[in-house]
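Chain nomenclature is as follows: A, B and C, assigned in order of appearance, with residue numbering initiated at 1 for each chain independently.
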Amino acid sequence: MAQDSTGIPLRQLAERCGVELAGDGDVVIDRVASLDSAESGGIAFLSNPKYRHRLADTRASAVIVAPADAEATTLPRLVTTNPYATYAHVAAILHPVRAAAPGVHPTGVIAPSARVASSASIGPHVTIGERSTIGERAQIGAGVAIGDDCTVGEDCILRPRVVLYAQSSVGPRTIIHSGAVIGADGFGMAEHQGQWVKVPQLGRTIIGADVEVGANTTIDRGAIGDTVIEDDVKLDNQIQIGHNCRIGAHTAIAGCVGIAGSTTVGRNCKIGGAAMIAGHIEIADGTVIAAASGVGSSITSPGVYTGAIPAQPQRDWMRMIGALFRLRSLAERVRALERWKQEKES
Amino acid sequence: MAQDSTGIPLRQLAERCGVELAGDGDVVIDRVASLDSAESGGIAFLSNPKYRHRLADTRASAVIVAPADAEATTLPRLVTTNPYATYAHVAAILHPVRAAAPGVHPTGVIAPSARVASSASIGPHVTIGERSTIGERAQIGAGVAIGDDCTVGEDCILRPRVVLYAQSSVGPRTIIHSGAVIGADGFGMAEHQGQWVKVPQLGRTIIGADVEVGANTTIDRGAIGDTVIEDDVKLDNQIQIGHNCRIGAHTAIAGCVGIAGSTTVGRNCKIGGAAMIAGHIEIADGTVIAAASGVGSSITSPGVYTGAIPAQPQRDWMRMIGALFRLRSLAERVRALERWKQEKES
Amino acid sequence: MAQDSTGIPLRQLAERCGVELAGDGDVVIDRVASLDSAESGGIAFLSNPKYRHRLADTRASAVIVAPADAEATTLPRLVTTNPYATYAHVAAILHPVRAAAPGVHPTGVIAPSARVASSASIGPHVTIGERSTIGERAQIGAGVAIGDDCTVGEDCILRPRVVLYAQSSVGPRTIIHSGAVIGADGFGMAEHQGQWVKVPQLGRTIIGADVEVGANTTIDRGAIGDTVIEDDVKLDNQIQIGHNCRIGAHTAIAGCVGIAGSTTVGRNCKIGGAAMIAGHIEIADGTVIAAASGVGSSITSPGVYTGAIPAQPQRDWMRMIGALFRLRSLAERVRALERWKQEKES
């Protein structure tokens, strides 16, 4: 996905990242690495002071450290208040995403009324529907299927086999990974005399700018209104987002999360893997939900919420569950003891 | 997915849906909407009396209401015992699914012995295997892969990138959404001297009529017998159904549910999102299972079953878990108190 | 997927499987079946003595039994210490996977520098990137997308619509089912002033020999180092494996499991469906984790771990949850009783 670098002096990296340089700025850096695995030419980062001792042994040519660790090594270094973010920046400079060649592959099937920017790259076996538009420098991978009336913004990357149903909209610089399905029908049906009547799903899916959507994630279209993923939302793999949800800007959601329909998740939330969130509720801005938690009702006050019980050795677990299933009778027994105490004392 | 309507008089909608008309039957309706968002030309529905007050403010040209709400508005209206089902019906009339043009796209790869009905529509980059048949008016989306010896019934819709493994059968009017994989090998292997021996998966996947299968849902083929999805079953996105399961007619299953192999789910069941159901069990007809519940053994008596613990603020949760892990010792302490009471009383 | 057999004498099956024959070795067997469904020509197996009574009624022409059941029937039989593994072996002999015809389909788009073995089969609408290699007899299904610098080993089977991102490696005899996505970017980003900075994912995904990957399963590439799936690992459908995980040889993982990044699962582990495993932990060799369990910290001692609470009728469940949420106050009440007892006794 990323190409190799021929090397950049550390001084230039400091300038491009806007961070402080300490030590030899002429050392040439050609790749990122971890402190443990780095070789000559590599740059590694230290963000957790717990691992400070690794600075002594690393073979990296340079490191990225916080001000508190700046004197913990004599290696050439970048000093920054956010070493991990600077590492991300440096990695993007040293290992830029290889731009695909512009143009439409001859196996592509592009509707006559679709508009594809001349700098966009359309891979093999792609289909693009009527009236859809593909922005400048967008990269559309092999086998992507884009329906009618879709918009794909500038500098978007759609990896192979992404599907956009008709009327889906994707903002600039958004990345969608393989197997993701955007805009499929929401799960809407009316019960009528023991059978189901399909409720047409007439809304759209609107995805903002700078979003990332993981592999095999699904985001359904709205039933009447739209499903909305705001700017800078980060979605991991295998997430399911139901119809008419809204996910607030800068929220990050880890893998295997499910969010039922018509739920609004606030801005700057963090949702751990495999959390399950009910429909028709609201999650306040800035809420943190731990992995594997079940959220059944609205959260109006931000904070850290959790609901996962850690697994135990089976025998302990079975005893605990047994005790749990007898909990109500235990409470009654305590009540009986309390009554007896009261009698005794009166 | 759906096209716009040029408008239909309310009287005609009443007739086509077989429901009662009240008020001006000549008003022309051209789209469905919610009570809140409706504009002139729109029709909205009220199914929950809690929202009756919204009737006063809506700008809809007509509404769909239950008999109990028929006098709560002077707007032109359809009066029906099931407003949501009538809404679904009206929406389907006003926004019919756009039929794809019949014929096989030139990029399709159709095996010589396959039979494709002349009114079926086969999109770009589709493959259809030997001896497979595609029924009248079926719509096969871009990049669908259909193996050998498959049957796709009349009026089916397979959205882009659906995969049917060999010998899969899909009944008439069934809709399968993008990324769904039908008939992949079940998870069967025998342990032999610390290694795994693959057990060939020789059964099929049989899907009935009027079924809907959500995006990225997977339904494995049977090991020896077949996996069967009966008529009018509705499956949401990202569901996993193991080999040799049978899902009874009219059952609806929400997103992210997993059902392990050889389980039989009865008819007219409702299974909430992210519920996990063990293998080799039976769920009675008409059972309701709440979201995020774990079902480990057969349910023989229909009713509502639940197993989800709602997430709490982290500090409360940690204390509760701590108390839970000490529950057995608490029970012992209560037992000790009871013994003491007995001694005192004897 | 598998073709029919014209029949093989039982004696030959015994020889090819290296197991003992009892009774008439000339009976011709042409398919496997279950004890209940078998007809003439079928062979069935009995692995659980609980079902021994079914031997009396089966219409199978032969059976596969353990030594302890060898005298429980007079049918021609294969006697083996592992009837299920022998069944798997027999089924593979009687129902071999149909080999696809060698060659590249004319709709394939193969990069000039890619090397495809002449005995490999490349289906319609496949893309293969620069410098990638496809081994002898490999079968690449319709619409598979293979990026640059990938390796697919001898005798691999990639079912339709599999995606391999650039630099992915797949060992010999590995099977990957439809919709699986190998090597997508891991979920890595740095928080910077309330926004997310993407951390380039520069590692690879390395899959060993004799692995099976289920439909719609996702295995992310490493961030710096690699994500590794060792030999003979079996992964069911809809599993998510995060960046930099390592799954030990011979481990089997059932459907819907999620494993967060940088976790190491040992060898010969068994993980039940929908289990959720946190990131940055280690699971000891030989560990068994029950279905739907949440594992939040390392397991250093092998054994059976569980964490699932079975669903209950809703009313019972609600009362139990109510009691659980009052558990801390119950513990305080018991403490008060104990103090009173102490006072009384002193």
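Note that contacts are C-beta pairs under 8 Å (C-beta built on N, C-alpha and C of every residue); 3 or more make two chains touch, one makes a residue touch a chain.
These numbers were taken from a predicted model, which means no experiment stands behind them.
Engineer: Which chains end up grouped together through touches if chain A is skipped?
Structural biologist: Components, chain A removed in thought: just one piece.
Engineer: Between chain C and chain A, is it the same set of residue numbers doing the touching on each side, over half shared, or a different set?
Structural biologist: Chain A vs chain C: different; shared/all numbers falls short of half.
Engineer: Mind checking the centre-to-centre distance between chain A and chain C? Centres are C-alpha means, answer in whole Å.
Structural biologist: 26
Engineer: Listing for chain A: what residues touch at least two other chains?
Structural biologist: Expected reply: 107, 125, 143, 161, 179, 216, 238, 256, 309-310, 324, 327, 330, 334, 337.
Engineer: Which stretch or stretches of chain B touch chain A in the complex?
Structural biologist: My answer: residues 1-2, 32-34, 37, 82, 84-85, 87-89, 91-92, 95, 97, 105, 107, 123-125, 141-143, 159-161, 175, 177-179, 210, 212, 214-216, 232, 234, 236-238, 250, 252, 254-256, 268, 273-274, 291-292, 308-314, 317-318, 321, 324-325, 327-328, 330-331, 334, 337-338, 341.
Engineer: Okay, in this complex, where on chain B does chain C touch?
Structural biologist: 107, 109, 125, 127, 143, 145, 147, 161, 163, 165-167, 179, 181, 184-185, 187-192, 194-202, 216, 218, 220-221, 224-225, 238, 240, 242, 256, 258, 260, 275-276, 278, 289-290, 293-297, 303-307, 309-310, 319-320, 323-324, 326-327, 330, 333-334, 337, 340
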